[in-house]
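Shown next, in structure tokens, is the structure this report addresses.
Chains: A, B, C, D and E, in written order; residue numbering restarts at 1 for each.
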Amino acid sequence: MEYIIISTGFALMLLGLWGILSQKNLIKIILGFTIFNTGINIVMVSIGYVRGKAAPILDVIKPSEAASKIVDPIPQALVLTAIVIGLGVTALMLVYVLKLHREKNSLDINSFKDLKW
Amino acid sequence: MIKKILIIGVLAVVGLIFFDLFNAYQGNESLSKTANYYAENGASQVGAANLVTAIVVTYRGLDTLGEVTILFLTAAIISFILKFREEDFMPNRSVRVTSELLDSAAQVIVPVIFMVGVYIFMNGHLTPGGGFQGGAVIASGVLLMIMANPNFGVSHKVIAVVESISGIAFVLIGVLGIVLAGGFLDNTLLPLGKLGDLFSAGVIPVIYTFVGLKVGAELSNIIGTISHVQNEKN
Amino acid sequence: MDYSITKFLWTLLGLFIVTNWGMLMSSTMRRIGARVSGRIGIPWYQPWVDLVKLYSLRTQLTHGTMFYIGPVFRLMGGVGMFLFLPMVFGNPIWSNYSFSGDLVLILYFQFFGMLGMALGAGEGGQPYSAIGISRGLSQFTTIEVPMTLAVISIAIQYHTLSISEIVAAQQGGITTWTLWTNPLATAAAMLSLLGAFGHSPFNLVKAPNEIPIGPPTEFHGTFLGVLRTNSAILHVAEAALFMNLFFGGATSWFELIIKTFLIYFWSVFVGTVFPRFRIEQSVRWFLKVPTIIGILAIIIFL
Amino acid sequence: MVGPIYIIAVALGIAFFMGLFGKSLKNLSEWAMLAGLGFMTYVSGQWLLEFMSNNRAVETIFTAGFKPPYSINLQMGSIEAFFTFIINVVGFLGAMYLFKDLKKTGPNAMMVYLVFIMSLNVVVMTRDMFNLFVFLEVGSIATAGLILLTKSGEALQAGMKYLIATGIISGVLLIGIIFAYYFSGSLNIDDLLAANMGASKTTVIAVFLIYVSIILELKPFPANGWGIDVYTAANPGIGALVSAATASAGFYVLYKLLPLGGAEWLNYIAVIGGITFVGSNLMGTKQDRPNRLLGYSSIGQIGLLMMILGLSDILGEKMMIIAFGILISHYAAKAGLFWLSGLIQAKDIKGWAALRKSPFLLFLFGTFVFALIGFPPFPSFFGKWELITTLAANGQWAWMVTILAGSFIEGIYLFRWLGYAIKLDHEDLPDFKIEWNKIFPIWIMAIVLYAVGVYVTPMVEGGMFINYLPLMFVLFLFAIDFLPVYIKNTISIGGIIWYMFHIYPVLEGDLLRLIFAGIFLVGGVLTLMAGYSKKGTRKGFYPMAMMMFAGLIGIIEASTLIEFFFSWELMTAGSYFLIIRGKRSMPHGYSYMLFSIGGAYAILFGFALAFASNFDTSLAALGSINLLPTLAYTLLAVGFMTKTASLGLHIWLPGAHGEAESDVSPMVSAILLKAGVFGLMILFLYMDRTSVGATNLLYVLGWVGALTTLMGNMSAAFQEDAKRLLAYSSVAQLGYILFAISIMSQLGWLAGFTYTINHFMFKAILFLVVGGIVAKLGTHYMYEMGGMIKKMPFSFIAVLVSIIVIGGIPPLSGFAGKWLFYNAVIEKGWYFQGAIIFFAGIIAFLYLFKLIHSIFLGQLKDNHRNIKEISAWILVPSYILIIGIMIFSAFPQYILQPIGDMLAPYFSTETLVWEGTKATTSLGYWDGTTIMIVVATAFLLLLAWLLALSSKTKKIEQFNIVFAAERPFRPETTHVSYNIYAGYKKALGFLITPLVTAFWESMSNLVLEFANWLRRIYGGSMQNYAIHVVLFIVVFYLIALGGL
Amino acid sequence: MNKHKFEDLDVDKFLAPENQKRSVIAPDGSIVEVDPLKDYFCQDRPEVLKPKNGPVEKFLNWARAESLWVLGFGTGCGSIEIPPLVTPRFDMYRYGVQMRPTPRQSNVFIISGYLSVKTLKRAIRSYEQMPSPKYIIALGSCTINGGMYWDSYNTINRLDHYMPVDVYIAGCMPRPEALLAGFGKLKELIKAGKAEKANEYAENFDWYKANQKKIIKDWNMPDYNW
């Protein structure tokens, strides 16, 4: 199970990278980033998976037996942070694209080559 | 074309890296050392039923502060980026016509959404969820309002006040932790209470409330700012 | 180190002999040259007559101080060379002031006169003089290359730079002369000598009708007289230097006269046979044959 | 003590609070920001002070009331205190600098700024891996926002590029962190470091990912197009922050994580650093935009620092001081330069010529450039010294070469830039406002450089001996730079004379040093005397001249390698500034500087080898080099030969000396060149001359000297420019000296000393007088002069005496050199080299005649008819030197005999014997005094004879010459000077085909073209930059882990 | 000899551009006024240089007679007769006669045949540049009365109106033998102390100059060429 999930994560990351590296439309590139980040998040979550264990919420599980009953909460906590960071970056990128579009009236990534050499 | 092949080649090697990672990944049979500590002591030390929340808000509280800061930063940046040529486009806004259906539904659903949001961050220490999730839900309500009524202006002033006060509160709680308890963002500022109660887990609910408010405000702020330029004439 | 008056007077006598012999030698050479072309040539006393006339001209013009002092420098070059050169071997009276410096001093004292000529002529503002000097200097740089190589070769051979010692080493018969013991160095030096005497083919410096007589164009009267006196001394001194270095020196004035005559004759002989070189031709020539001979003269000692 | 956590709390508190200010209190926000930054600076500064004064333990800050690894902890140790302090200082100063820009953009920008600085603090302090990630992201996002303080399309594009690249990098870092967690079960950095993940084949991948992303954050070449664009487009104030603060923080992160993977990763880091250092600087050579250039330079410097980290296992405990020195120089200089750039706002480095309007800013600019290159007394000098010596001690030749090559390339563009600022002819200099809030931070950075430089001096081995006293004098002259010339001149001369008395007892008994000290100091006084002829204030001249003399005397006084090198560099810097004062001397000053830097690096390499041989810092270490001794000797010789301008390294000299000011030329020619001679003498005396390497080296140097002389004299003969002629003559004279001391015998060295002393005297006279004439006549070209003997008789006599000495004509002292030469050459057996030398010596007559004829003789020109004699202030020192020449000529034994005695112990046989005035060798003899007497007597008699014979002479005018029955037309057409040796040129001109110039030109073209070709990778496409990043990861992976 | 009145001609009209007054800028910015004829040439008049007394002068005159240095300046068609003198057939060297290329080193000036006005100017200049004592041999009829060019618009008729002549050699053309005879005559005159024409020229300088200027209309040089 966890192998499938982690593979999915890696696959999504590759997919996202492909989008980032090959797409010409800036929005699509941002989508690539989102996919890339999602892939990372999936990988992170699956890292914390412990076979056959439950979510780390101690409503049913007694605190005393928690150690043997729950999956690793840390990656989940990290993912939470990572998602928020991803959100921030994506928002910023979108605003950038907005401004870039206004600058050249184009979303083609190759029309922004003013700075070189 | 050559470039495509190059990219494919590069990605193939990236795949190789991932394959290495995949190989290294053997699944888990048990918790790691740190996780084990949290599982064993989390409930007693923090008093939050949701261990993830316990980690997010206390053990790794500084991360959360950073997280909040990132959202705060993003909102601030976006507002100053988009403001700097405001005069260019503000007068020429052409307002999109909204649908009756959306408008009516919004009026019904938005309060519910807000309530759900508040619920999520209030109960962050007990159930899945928390300040960020709750804040995001609140922001989605704002988004709905904007979509339903394009002329709906998010009051920057209100948002700024909410944002600032909740941010300052977060920091102050953290500092109080140094003064009154064991360190920055120490949870035991307030009594831990009984595991599973709403008023338990020390300052977690308080922090999450402020985080929820702050995140909600910041996301709304971002959405609102972007919506300003949404209908800009080309 | 003899600074006495007697030494001084003996040296003056030597200088007198050398000057007169130089003039006689030059008129003789011109007579020989005339005979070659079927003429009689100048009377043997012509140089003295010319000198008297030059010293007695009524008009003396000068362009400035250096124009005046230049000829003195020039004469000093010749006189100095005589002063520092031992003339007759084995006789301290005729060794002049050679105790104050060796071969190197002689080699570098030549420049004293050249410098004077250059400055004097330059002050005249005469363009032909400057051209002549530039040619002279150009040619001179390369003349000195085989000469230097020959001097180095001799210094290696005798392991001394002292002229007296070089002469001493050559005593004992004609076969001990450097001419036989070190023929390559002698050859290089004798070829270089052709340039030093400035006869054809190396007389573009004075090219009489192209740049009227070159450096001394403006000089006349006393100044020219001084220059002529100098050339008389210089020719003998230079020939005497070569005599000392390559031809066993002289043990008497008679031997000196014979040998210097023959050495001088060598350049006149070549001069009557060959036409004039252009400056770049002579520069190249000196860096070819004589230089290679000079290098060989050193290589045989390596 | 205020806890470091308050840095975060206060920064965030103020940032969050700003939202509450509203419109009415808006003006408060900038002060709040400054207060916050001030507080942060105070906290970190207070900790730094604490760690410096007390030897206290590292302070750990726990959060959430739990102990690590279960909660995040921060750490405040001495290093963290240092880094946070420098970050906060530049943050505070940067805020001052950006005050108006921030205010214009509003409180939001200030919040971002504040949070940005705070995040860097946390990045430095944190000991939790994920927390590090979070705050790196905070920093990235803040940077992406701050880029847009400049509201331009370029900034937008740069920001987007930055976001895309950092997006990928942070993803990689995140994966690395999570796997590191997976392998070790902890996120605490100390735990991760202890986990030894590098050891296992499976876990090493996490190490790789973390390293590669941290390295990528440091913008390694060539995957750094995004970073450079940020430097280019962002507000220079932000560029300063990114360059100084972010880079410092990133560097520290790498340092923090260094033990993560184990020793084998260090090599990769070092290699990447090395490639970045060289590559990035190479790019800079073709760059014209100031900010972009600074970007390249920044990245290069970070590459160097990365390399130092990578070499940390080799450098050992020295790494700290090295990294400190280089980092602090980079930090302060780069911040200062970016800020300057913001002031000037030029799009092209040529626009920096505007800086000339404010000498103080120009001074700052020079300070920063020299600090970056590693000149004393800046910290980078000591850093580089320690770096190179330590590397040498460990036999890391390749790294030494890399570092020196990279530094050299950096010098290429920095000095070109500095040159533009100082000298470039620019039509309309852009105006710029001087705002105090912008100037103040720049000043602080410059002061930091000087202060830290002096502060670290004693920390370096042997550094405590460095004498700062002369530098204080330089500083004093800077302070009184506004006074008129005669006052400063008097003070300078007084200073030198005082130093003479000061130094004499120190050097007494050491004749070698005494002679050179005499040349430097007496020469200094005499050449400075000519300065009285100048009017006005002559801004900047005296400090620089004194700096040069300070360096020169420092070389003499030096007893350790570092002292020597310190002074050497000081002298180079001073002389550079002197040389470029000339009207058209900039290109030549530039090539002088490049050759000097190259030479200095060669010397540094050699010194490092000497030091590493037996860890001896004293100069005597040169005597026992056992590490690659031949290479060391060669490098040292080459290094010194850049100053003596030997064949192949001479191309800077003719222009530099020819175009310098009239009293600078004698300083640099007669005096400065002797520094190289002194260096060579020291080297030859110390080195093991019996070794095969040294023998071969000396043999080669002999040939080089001979050919230098030939080339120099022949080039001089074909010059039309009077000062260039003299400059080429200097090249040739130095060739003689090189040849003479390469002979390595008592006679050879005596000849060398004779030439040294003579060259000092006659070249000073010639450059003073000819320089004065050139200035008076307003032309460099000799064919435009002529007939000056009538107007300037005293100058003529001075020049005449000098050329008699140069020509080696008896009876003056030049002949002593020639005579010694003949003896030495024949004794040594270097016949052919000797023949070339003598040939060259006669060629000297060509240019000597040309010089004196063209200037003084021949035809006086129309426009020079009313010219008067040159200033007495030039003639007086010249005549003092003439007296010196006369004394040396008449009584050579008083000088040469002691020198011979001094040299005797160094050489096995004493070959020169003195009996009274007569010197005898195994070959010949020479009596200078007698020759003088004989010649003088004979000359006077002959003169009297001529005077008696022609008492009535008539003085005639210049056109009264025979002219083929015509009359001359104009003086210009009658003066024979131009191309006077045409025939000679036709025959032998091929010998001076400028092959060396062509060689260096093609070399520089090669470098520039290569850089031009290479920089095409920076095509401007953000996607390509992303590909570069991924490609970098991929290649690194394949090499490090893929077994490639 | 009757003295002709010197007509004051408008000299400036004939001045070559390079001899006209000009002002140039000195390096220090001041203006330098240059009058080439005054500034670049010596303005002095020739002086009468008295011979020494008694046997000294006699001895010197003997030396001067035995050492005649001829200026190598062929002024007219008669100069074709001079080169044969250095051939074996005539060999003037045996009489102490030699050729010199520069007036400064010459004593004898052979005016060889007709003298055009243009050449006259050069001849005067060269003569004046020769150091005293100096002698002129006039060769051929043209120098005596113009010869076959007597009515030419461009040649002079009587040389001694313009330059003092020591020896005339008549004929058209005179043979080299005649030239040798002329040298013999000149030697006699010198030895007898009668060849003092240079002093005569100085004494009657104004007269000669007036004559010269009369025929040379574009006189554009200083009065005496040192």
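Criterion: a contact is a pair of C-beta atoms (placed from the backbone, for glycine too) under 8 Å apart; a residue touches a chain by one contact, two chains touch by 3 or more.
Model, not experiment: these values are computed from the prediction.
**Q** Which chains are in contact with both subunit A and subunit E?
**A** D
**Q** When contacts are scored as defined above, which chain pair ends up with more C-beta pairs, A-B or D-E?
**A** The comparison resolves to A-B.
**Q** Which one of the chains is closest to the middle, using the mean of its C-alpha atoms?
**A** D
**Q** Sort the other chains by how far their Cα centres are from that of subunit E and give me the top one.
**A** B
**Q** Counting in whole Å, what is the centre-to-centre distance of subunit B and subunit C, each centre being its mean C-alpha position?
**A** Subunit B and subunit C have C-alpha centres separated by 106 Å.
**Q** Distance from the CA centroid of subunit D to that of subunit E, rounded to the nearest Å?
**A** For subunit D versus subunit E, the centre distance works out to 70 Å.
**Q** Taking the mean of the C-alpha atoms as each chain's centre, how many Å separate subunit A from subunit D?
**A** 50
**Q** Using mean C-alpha positions as chain centres, tell me how far subunit C is from subunit E in Å, no decimals.
**A** Measuring from centre to centre gives 36 Å for this pair.
**Q** Among the residues of subunit C, which ones contact at least 2 other chains?
**A** Answer for subunit C, listing residues that touch two or more other chains: 59-61, 212, 217-218, 221.
**Q** Quick check: what residues of subunit D touch more than one other chain, meaning two or more?
**A** 130, 134, 137, 141, 144-145, 175, 179, 181-182, 187, 954-956, 958-960, 962, 968, 1027, 1030
**Q** Where in subunit A do residues touch at least two different other chains?
**A** If we look for residues of subunit A contacting two or more partner chains, we find 13, 17, 21-22, 43, 47, 74, 78, 81, 85, 88-89, 92, 96, 99.
**Q** Please list, in label order, each pair of chains that touches.
**A** Every touching chain pair, ordered by label, is A-B, A-D, B-D, C-D, C-E, D-E.
**Q** Hey, which residues of subunit A end up touching subunit B in the complex?
**A** Going through subunit A, the ones touching subunit B are 2-3, 6-7, 10, 13-14, 17-18, 21-22, 43, 47-51, 55-59, 63, 66-68, 70-74, 76-78, 80-81, 83-85, 87-89, 91-92, 94-96, 98-99, 102, 105.
**Q** Per the contact definition, I'd like the list of subunit C residues that touch subunit D in the complex.
**A** Per the stated touch rule, the residues are 1, 3, 55, 59-66, 68-69, 71-73, 75-76, 79-80, 83-84, 97, 99-105, 108-109, 111-112, 114-115, 118-119, 122-127, 130-131, 133-135, 137-138, 140-141, 144-145, 148-149, 152, 155-156, 159-162, 212, 217-218, 221-223, 225-226, 278-281, 283-284, 287, 294-295, 298, 302.
**Q** Can you list the residues on subunit E that touch subunit C in the complex?
**A** Per the touch definition, subunit E meets subunit C at residues 49, 59-60, 63-64, 66-67, 72, 86-88, 91, 93-94, 96, 98, 100-102, 104-105, 107, 131-133, 226.
**Q** Quick check on the complex: what are the subunit D residues that touch subunit C?
**A** 787, 789-790, 793, 800, 803-804, 807-810, 815, 818-819, 822-823, 825-826, 831-832, 834-835, 838-839, 842-843, 845-846, 849-850, 852-853, 856-859, 918, 922-927, 930-931, 933-935, 938-939, 942-943, 946, 949-950, 952-956, 958-962, 964, 968, 974-977, 980-981, 983-984, 986-988
**Q** Name, in rising order, each residue of subunit C that touches subunit E in their complex.
**A** 30, 34, 37-43, 46, 49-50, 52-53, 56-61, 208-209, 212-213, 216-221, 224
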